[in-house]
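Report on the structure given below.
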Amino acid sequence: MLKYALYRIALLVPLLLGVSVLTFLYIQVIPGDPVAGLLGPGGTPELIAQLRHQFGLDQPILTQYWHWLSNLIAHGDLGTSFTTRQKITPTLVNRIPATLQLTVVGLIFTVALGWPLGFLAALFKDTWMDRALSSLTLVGLSTPMFWVGTLLILIFAMHLRWLPAGGYVPLAVDPLTSIKDSLMPGLAMGIGLAPYLARMTRAATVEVQHEQFVRHAPTKGLRRRTVFLRYSARNAVPPTVVVIGLQLGSLLGGQVIVEQLFNWPGLGRLLIQGAIQRDYYMVQAVILVIAALYVLLNLLAELITAALDPRIRL
Amino acid sequence: MTDNERSVIFRLEGVTKEFGADRRIFRRRAERLRALDDVSLEICRGEVLGLVGESGSGKTTLGRILVGSERRTSGTVQFDGRPVDSLRGRRRRTFRRRVQMVFQNPFTSLNPRRTIRDVLSAGLAARGVPRGAERAEALRALLQKVGLNEAMLDRYPHEFSGGQRQRIVLARALTVDPSVLVADEPVSALDVSIQAQVLNLFVSLRREFGLTILMITHDLRVANFLSDRIAVLYRGRLVEIGTRRQVMENSRHPYTRMLLSAAPSGDPTTPTHHPLLFGDAVANGLAGSGGCVFSDRCWLRKAKSNPDRCVTEQPQLRVIDGQQRASCHFAEETPVAAEVASVDPVSAAVTS
Amino acid sequence: MLTGRVILGATLVGIVLVVAVVGLFWTPYPTSLPDLPNRFQSPSLNHLMGTDELGRDIFSRAMVGARTSLIISLSAVLLATAVGTLVGFVAGYAGGVVDLVLSRLLDILLAVPALVLALGIVAMLGASGTSVTIALAWAYTPTFARVFRGVVVAARDHPYVEASRGLGLSAPVVIAKDLLPTVLPVMVVQVTTALAWGIMDEAGLGFLGLGVQPPAPSWGSLLIEGRQYLYDAPWLPIGAGVFVIIAVLGTNLLGDGLRDVLDPRSWTTRHSGRRARA
Amino acid sequence: MNESQHSPAAIDGDDLLRVENLSIDFAVGSTTVHAVDDVSLQVERGEIVGLVGESGCGKSTLGMSLLRLVQSPGSIVGGRILFGGRDLMELSDHELQRLRGQEISLILQDALAVMNPVTRVGEQLTEVIRDHVGGSRAERRRQAVAALSSVGFPRPELSLRSFPHQLSGGMQQRVSIAQSMLLEPRLIIADEPTTALDVTVQAQVLELLKDARTTHGTSIVLITHDLAVVAEVCDRVLVMYAGKVVESGPVQEILQAPKHPYTAALLAALLPLRGDPPTELRALPGQIPQPDQWPTGCRFHPRCPLRQRLGNPQLCSTDVPTAQGGPAHWAACHFVSEEGAVASHD
Amino acid sequence: GTTTSGSALNIISAEPTSGLDPNTAVTQTSLRVMELVYDTLLDYDKDGKLVPGLAQKWTPAANGLSYTFVLQKAAKFSDGSPITGTDVKFSLQRAVKGQALGASLADMTSVDVVDQSTVRINLKKPSRVFLNAMARVGNAAILSQKAVESNPSYFTKPTATSGPWSLEQWTTQSNLTLQANPNYWRSGYPKIKTINYTFSNDPTGTAAALQSGTADMTYPMAPNDAIRLQKEGVATSYPTPTPGLVMWGLDKSKPPFNDVRVRQAFAYVVPRADKQTACWNDIGTNATGNLVFSGSWAFTPGLTKYDVPKAQGLTTAGALLDKAGWKLAGDVRQSQGVPGVPDGTKLAVTVPYENNWSQARCNTELLQQDLAPLGVKITPQAFDSATFYTDAGKNKFAMYHAGNQWATVDDEMQQGFTCKGQVVDLMAKWCNPQVDKLIAQAQATLDLNKAKQLYAQVQQIVQEEQPAIVTGNQYAVVGLAKKVQGYVARADGSNRSLIAATVGQ
C-alpha cells in the first residue's frame, strides 16, 4: 500500500505539469489587460507598459512558461502576484492551513449528517421515515451551497447572534475562536454535501442488505445488532468513502464559494480575488495547488477504502 | 471419426496467453497470470472436440483465442492452413464469421433492447442474404432448425426462458453460416430437462450442418455425450487429449483419472470413495516453474513415493496410443480404470 | 413511485420552462422600469417575491432570468455532451494508444474540480454569458468523456456486443445497434444530472460576481444583486434562490427517475442463470 | 392435497423434523405466487434427505422456511413445521434466533457470497459462538480452530486470519460447512452446496457432509438439481415439480424404479459417465412453467410423456393427483398404477 | 474573528491592491494603509488646513520659487535611525519619477539639503498647491534611503518606516497587522498599539462584521449599510464630503458626443436626485453643474444649469437633440443629417459600468429609464474592472459610468479637467486650453479667493461644455464601532486621525 501511495504521488508530477501547461495555455486566449484593471483609472499607458515589462508579460508565452517552470523547480517559486507584487508561494502556503481546516470541518459535518441520515433511511426503508428523509436529501441536493450559507448567516449571525458572520483566526493562535469561526462555513459545506453522502449511504446499505451474506446472517442466529453493525453498516461504509472521495471535487468547488461568503482566507478566496483581478499567476498557482490537494485527498480516500475493504488490493 | 486423414481446420501450436502483460504499462511482474501455457492441438473438420478442466484452467481463454476475440501472447493459430494473423480486412471478417462463439450465460449474450427478428436479420444481412422474401424464408428455416416458432420473432429476449434464449443464441450464430462453433459451457446454466433439449439440438445441428464444434465444459458427462475427441486442460496446460473412449475409459494422465473418479457415478448401488482426491485447483498461474503442473496434487506421484523427476522436469505431451497423447512421465504406468480401486489408498482426507 | 418522481420532476421543470417562456412575452411587472415609491417591498400578493432597491418586482425579474440561466446551462451541457461523446466513444471503442493518450489527458483535466476550473476560465475570459457557457462546458467535458468512455468500454466487452462483432457486423452497425442503445440511457441520465449542475454552477459563478453580468438578468446575477441588501431585504437573494432550487430539484428528480426507468437491469426481468459457475 | 395422508403413518417417534401441509405464497405485484404448495415431509435423525427439482420449483423456499426465514414478500400461509416436537410457528423471535445456527443451520451454494467480505474468517466463526453461547475469547477461538481442522484445514490458525476472498472456492465452502457445524446442530439444510464447484471439490464437500452424519448423527436436507449427487449421498429423496412434491421414497427405489413420469424424465436426462452415450437424449418437451402460471390439474401435464402416450386423458388437466403407492415410496400421478407406463419410458 | 483588546483596532476593508510603493500605489485601499505607515512632510487638520507633519515648519521664499522645510527634531524611522534631509531629498526625487505624484511635482526643479534637518525645495514657478503635494498621504511619503536601496523587495514588506505604525505582517488577501512605531516623532502617539486589518471585498460581509463586533472599523461602507447600522445604533458611520465625483464619461471624439448639444441634452435628463435616493441612500450630494462639493472653500453656489424639473429638462433636451440632427421617429431618435452618421441611425448607447460597484449598476439602470422618454436607448452593461478599464482605455465605450476621488479640489481640477488630466484623458479628445490656463493660474496664486474665482470660471466652462456629465459628489463612508473614540473624518478620506484615536472596552 505504501508503495502504491508513493507510486501515485509520483504520478502527480506529470499530472500537475499537465495542469500547469493547460492553465498557461488559457492565458493566451485572454482578452483584457490585467495590468490596466489593476491600476484602475490611474493607469497610464506608460505605467501599464512598465508593469507589463516588469512581469515579463511582454515575452512570448513559451519563454514565460519556461521561466515560470524553472523557477518553480529550482526554488519552489510560483511567480509574483500582479496585484500585491508579493511572491505567490508563501502566500499560498499561508492559506493552506485555513483551507484544510475548513475542508476538515466541512467533511466532519458532511459525515456527521450524511451517514446517520443514510443509515436511518436504509433501516426504515420504504416507510414514511425513508420517504421523508429521501425528500429532504433531494431538496438538500438541489440547494446551492451559497444559498444555504446565506440562510445560515441570516439565522445564526443576524437573528440569533450566536456565531460570527465571517472571519478567521489561525488554529494555533486561538483554537477556540478558530473552531467557532469555522462552524458556520463548515456547516454550510456539510449541508451542501451531506445529501449526496446520505443518498449514497442509503443506496449502499440497501444494496448490501440485498447481498447474500447479509440475508444469510440471520440464519446463523446472529443478533440483529450484530447483523446491522457488522454486516450491513460495516460493508456499506467503504463505498461511501469512495463517494466522499469523488465528491471532494464538489467540496473544494463549493469551498470556494463558502470561503467567499464567510470571508474565510483560504485558497478559494485567493482564487476568486485572483480571478476578479485577473491575477493570472495567482489563478494558475491556486488551481495547481487545489489540483494537487484534490488528487492527494482522493488518494487518501482510496487508501482508506482499501484499508476498510480487504478485497481491494492496491 | 478418428480417421487420421481427416482434414485439420484449426491448428494451434505453442499457444500461450498471459494476462496482465498488456494494457497497463506499470504493472508488477507478479501480477501476470499465465492462463494458457504452450498449448498445441488441432481440431479436425466436422468433429466435436470436448475441452474439459476445472474452473480457471483456461478453457474459455482458449475458446476466445480461437474466435479471435482475445489475442494470444505467443504461439500460432492456423485456420484452414492459414495463420489467422495474416488475415486482413475482408478475409478476416470472413474468418470471424466462419468461427462463431456461443456463451455460457444466455441472459447476457442477447441485447435486451433488440427483438429476435432484429438480431437474426442483422446476421443474415451480414452474410449477404438479401432483404425481403429470401431473408424471411431463411429466417423461417433457421427458427425451425433450432425449434422456435415464428410467432416469437418480434419479442424481446427477456420474454424468453433460458433454454429458449440459448436456442436463439445458437440461431444467431448460425445466421452467418459458420463452419466452426465454439460453445463455452452452453448448457451449464440450464436445468436438467432443458439441458437435454439443447444437447439434442447440438447433435442435430451438427448432423445437419456438418459443423465443427469445440465444446467447452466442466461437466465430464456432457463431454462424454457429445465429443468425438476430448482434450483435458489443467492450469493452462494441455495434459491429455484423445478419442472420447480413450480419455473416458482408458485415460493415461493421473489428472484425468482424478476428475473421473471425483464425478458421482449416478448409481446409488456402487459405493463411491475417492482415493485419488486431494488439493485444490487453484489457478495460481505459476505453471512452468520447472516440474509437472499437477505434481502437487498427483496421487500417482505419491503412490510412487514422490520421484524427483515430477518436480524437476516438465513432462511433454507425447503420443501414448494412436490419437491419445498425455503429458505425464509415467503415463504408461497409470493403472487402467479397473485397477484404480486397488491403488494404494492415498490419503482421502481433504487437504489444502 | 418510480414514474411519480419522473412526473414530479417533469412538472417542476415544466413550470420553470413555462415561466421562462411566458417571461419572454409577459411579466406581471416591467422587469427594468424602476418604481422608486415601491422600493424594498417585502413579499406579498402584489409582489410574490418582493421588490428590489429600485422597486422592481423580483418575481418578474426571475422570470426573465430563467431564460438566461437555462440557456447557459443547457448550451454548456449540450456542448459538453457533444465533445464528451466524441472523445468518450473514440477512446472507449478504439482502445489502445488512443485510449491511453485521451485517458491521461482526461486525468489532467479532471484533476481540477469543475467549479474551480470554470472559475479559472471565466477569470481568463472575463465575466459574461459566453464565458460562463464556455467555462462550464469546458469544465464538464472531461467528466462526460470519462463517463461515456467507461460505459462504452463496459458495453464493448459485453457478450452480446462481442457476439455482434463475431457475426462480422461492421463497426458502425455494432455501434448503432448494440453500443449506442446500451450507452444511451447512461447518457440521458448524465445529461440530465449535468443540467442540474449547470443551473447550480451558473448561479454560483453569478454569486461570486463572475457570472452573467447585469442587467442581463440571470438567477446568478439576481443573487449577487440581492446579496448587498441581505439585511435590509432578505427576500432579494432568497427569491432567485427559490427558482434555482425548483429548477435543480426538478432536474434532479427527472434524472433520478430516468435513471431508474432506463436502468438496463430493469429490462431483464426473469431470474438470471442460477448455475453460473464462479 | 392428500399426499400427506401417508405421512402420519410414516412417522415413528424418531422424526427430527416434520413438515405438514406447508404452503408458502409470494405476493408479486397483484398476483400471488404459490411457491410451495401443500408440502409435507419428514426427516429422521441421522438421515440425509435429498430434495431435487428444477429451477423455481420451490426447493430453496422450502429450505428457508425450515428456519422460518422466508424472504419478503413471501409468507407461510398454511401448515406446520415441527422440529424436535416443537412447533416452529409458535416460537418467539428470540427463540428462533437461538434455534438458527444452533439447532438448524444452513449451507448455501455460493460460499463466498454468504461470507462477510470485510471480516476475517476467524471473527465470522467466533461471532456465531458469541451470539449463541458467549464464552471467553480464547474458548471461542479454540472452538473455531477445532471446527476448521475438522473440515480438513491443515493449518487452521493461519486460515482464521484470512479474509474469505483469499481462500479458494473449495476452502470457502469448507469454511461455510465448518460454520454450520460449529454448534453441532441437529439439522443442516444444504441448498445446492456443490453446484458452483468443480467435481473434485464437490466430491470433497459431499464427503464432509457424510462425515457429519456419521460422527454427530446430524440430519441433512440436501437441496440439489443433480440426481447423480442424490444417488451418491442421500437415503431418501423428494422430487419437486412446480411447488409440489411429486414423488418421495428411498433413493435406490426411486432411481431404479421411478413411479412418476417426471422423475423418470429427469433420470433419462442424466447422462452416463461411462460407456457409450445414447445418440440422442429423451428430453422432456416444453419449458418449466412460470410460478405465477402453474398449470391446472396435474402441474406436469403439459409436458407429460405418459399422458401423451395415454392419449391425453382429460383427468390430468382437471384433477390434482393424489399420492399413490406405499407410505415409503409414493408418487402423485393419476396413472402411477398404469403398469409399466413409467418403466417403458425409461 | 480577531480578539479585541483595549489597545487593538480591528479594521475590515478591501485589500490594498496596488501595493505599498508610494510611486505606484494609487488606489484608495493602498493609500489607507500607506498613510499609517509613512509620514509626509505636511499634514492636514480636520478642516483641510495644512499643519506640521515631519516638517515642523515651512517657509516660502519671497519670490515664491522655493520652500524651506525644517524637520522635527525627534524625527526617526521605526528602526530608530534619524530621518535626515538626505532621506527627504531621496524620497522627493524618487517621487518625481513616479506615476502617482510625478505630475504634481512637475514644477519642482531641485532639492537642496541645507543641513541634516533642513531642506530647500526649488520650484520653476510659484505654486500654491505645491504644499498640497507635500501633504499627499502615502504618495509623498518620506522613505529611508538606506532601507529602500539596500532591500530590493522593500515595498512588499517595508521596514524602517516613518509613520505612526510600522508593518508587522501582511498576508496577501487575508490580513495585515500594524504595530505602533515606538520611535514615532510625536511622543505619546499613536494611542492604539495594534491595528489588525482583515481584507474583504464583500461590503455586506464587512457590515456584518462591524455589526457583530468582529470588526471595529470598516470602509468604504455601502450607503445602505451605513444608514442601517447608524439607525440600529450599532455603529457610527461617517459620511465625509470629499472631492469625489460621480459622472458619465463620454467619448467626444466621435458622434454622437462630439456634438456639445447632445452632451447638454443628456445632462438635462440623466438621473440626479433619484439616484441619490435610490442608489446612494442620500449620502453624498447632487451636482447640477458644479464640480466642487458644497463644503469646500472652493464651492461656488449657483452653478445649477441642469437643476430643472423633469418635464422641462425633457423638453429642453429634446429641442437640443432635434437641433443636433437626432429626430424622434417613433419612440427612438434617429439621425438626420448628423455629420459622419448615416441617416436613420438610432440613438442607442451601451453604457458599461464596473460590476463590483453596485451603486453604479443602480445609477445606470436609472439612466436607462430616464433617457427612454427622450428617445434614447440605453443598454447598461456590467464589466469586471479589468475589462472595463482596458476597454475604456481603448475608447471602446461612447459613454460609461465613472467615479473618481481626489485628495483636494486642486488635485481634482488639475487631474480631472486639464488636457493631461485623467478623466478627459481616459475618454480623450477634449482639451480646452482656456481651462488649462485658468487652472494653472488658480494653482499658482497663493490667494484662495482668487483661486476660487478662477475655479468658478472653469466650472462655468465645463458646465457648458460637459466633457463629462457630473451628477454628484461622492462621500467617503467610514463605519466605526461605538467604542472607537477620537476618530475624525477628513475630506481627503484619510484615516490619519487614528493617531489620536483610542479603543475603549
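Note that the chains take the letters A, B, C, D and E in the order they are written out, and that residue 1 is the start of every chain.
Everything below uses one rule, namely that a residue touches a chain if its C-beta (ideal position, glycine included) is under 8 Å from a C-beta of that chain, and two chains touch if they have at least 3 such contacts.
Please read these numbers as outputs of a predicted model, since none were measured by experiment.
**Student:** Starting at subunit D, how many touching-chain steps does it take at least to reach subunit E?
**Tutor:** 2
**Student:** Which chain has its C-alpha centroid at the greatest distance from the C-alpha centroid of subunit C?
**Tutor:** Following the centroid criterion, the farthest chain would be D.
**Student:** Write down the chain pair with more C-beta contact pairs when A-C is set against A-D.
**Tutor:** Counting C-beta pairs in contact for A-C and A-D gives the edge to A-C.
**Student:** From the centre of subunit E, which chain's CA centre is farthest?
**Tutor:** The chain farthest from subunit E, judged by C-alpha centres, is D.
**Student:** Using mean CA coordinates as chain centres, what's the subunit B-subunit D distance in Å?
**Tutor:** So the centroids are 31 Å from each other.
**Student:** With centres defined as the mean C-alpha position, give me the subunit C-subunit E separation in Å.
**Tutor:** 45
**Student:** Where the CA atoms of subunit C average out and where those of subunit D average out, how many Å apart are those spots?
**Tutor:** It comes to 53 Å between the two C-alpha centres.
**Student:** Could you give the separation in Å between the centres of subunit B and subunit E, each centre being the mean of its C-alpha atoms?
**Tutor:** From the centre of subunit B to the centre of subunit E is 89 Å.
**Student:** Two or more other chains touching the same residue: where does that happen in subunit B?
**Tutor:** Within subunit B, residues 55, 161, 218 contact more than one other chain.
**Student:** Quick one: which residues in subunit D touch 2 or more of the other chains?
**Tutor:** Within subunit D, residues 55, 110, 169, 225 contact more than one other chain.
**Student:** What are the residues of subunit C that contact at least two other chains?
**Tutor:** 126, 209-210, 227, 230-231, 274-278, in rising order.
**Student:** Would you tell me which residues of subunit E are touching subunit A in their complex?
**Tutor:** By the definition above, subunit E touches subunit A via 1-3, 12, 15-19, 21, 24, 26-27, 99-100, 155-156, 170-175, 198-202, 205, 208-209, 211-212, 214, 356, 384-391, 393, 402, 404, 422-423, 426.
**Student:** Please output the residues of subunit C touching subunit A within their complex, sorted ascending.
**Tutor:** Against subunit A, the touching part of subunit C is residues 104-105, 107-109, 111-117, 119-126, 196, 200, 203-204, 207-210, 223, 227, 230-231, 234, 237-238, 241, 244-245, 248-249, 251-253, 256.
**Student:** What part of subunit A is in contact with subunit E in the complex they form?
**Tutor:** 31-34, 36-47, 51, 81, 83-87, 91, 94-95, 98, 153, 157-158, 161, 164-169, 174, 177-178, 180-181, 260-263, 265, 269-270, 273, 276-278
**Student:** Would you mind writing out the residues of subunit B in touch with subunit D in their complex?
**Tutor:** Touching subunit D: residues 54-55, 161, 163-164, 191-197, 199-200, 203, 218, 220-222, 224-225, 248-249, 258-269, 272, 274, 277, 280-282, 348-352 of subunit B.
**Student:** Mind pulling up the subunit D residues that touch subunit A in the complex?
**Tutor:** It comes out as residues 64, 67, 69, 71, 97-102, 105-106, 108, 110, 113-119, 127-128, 131-132, 163, 165-166, 179.
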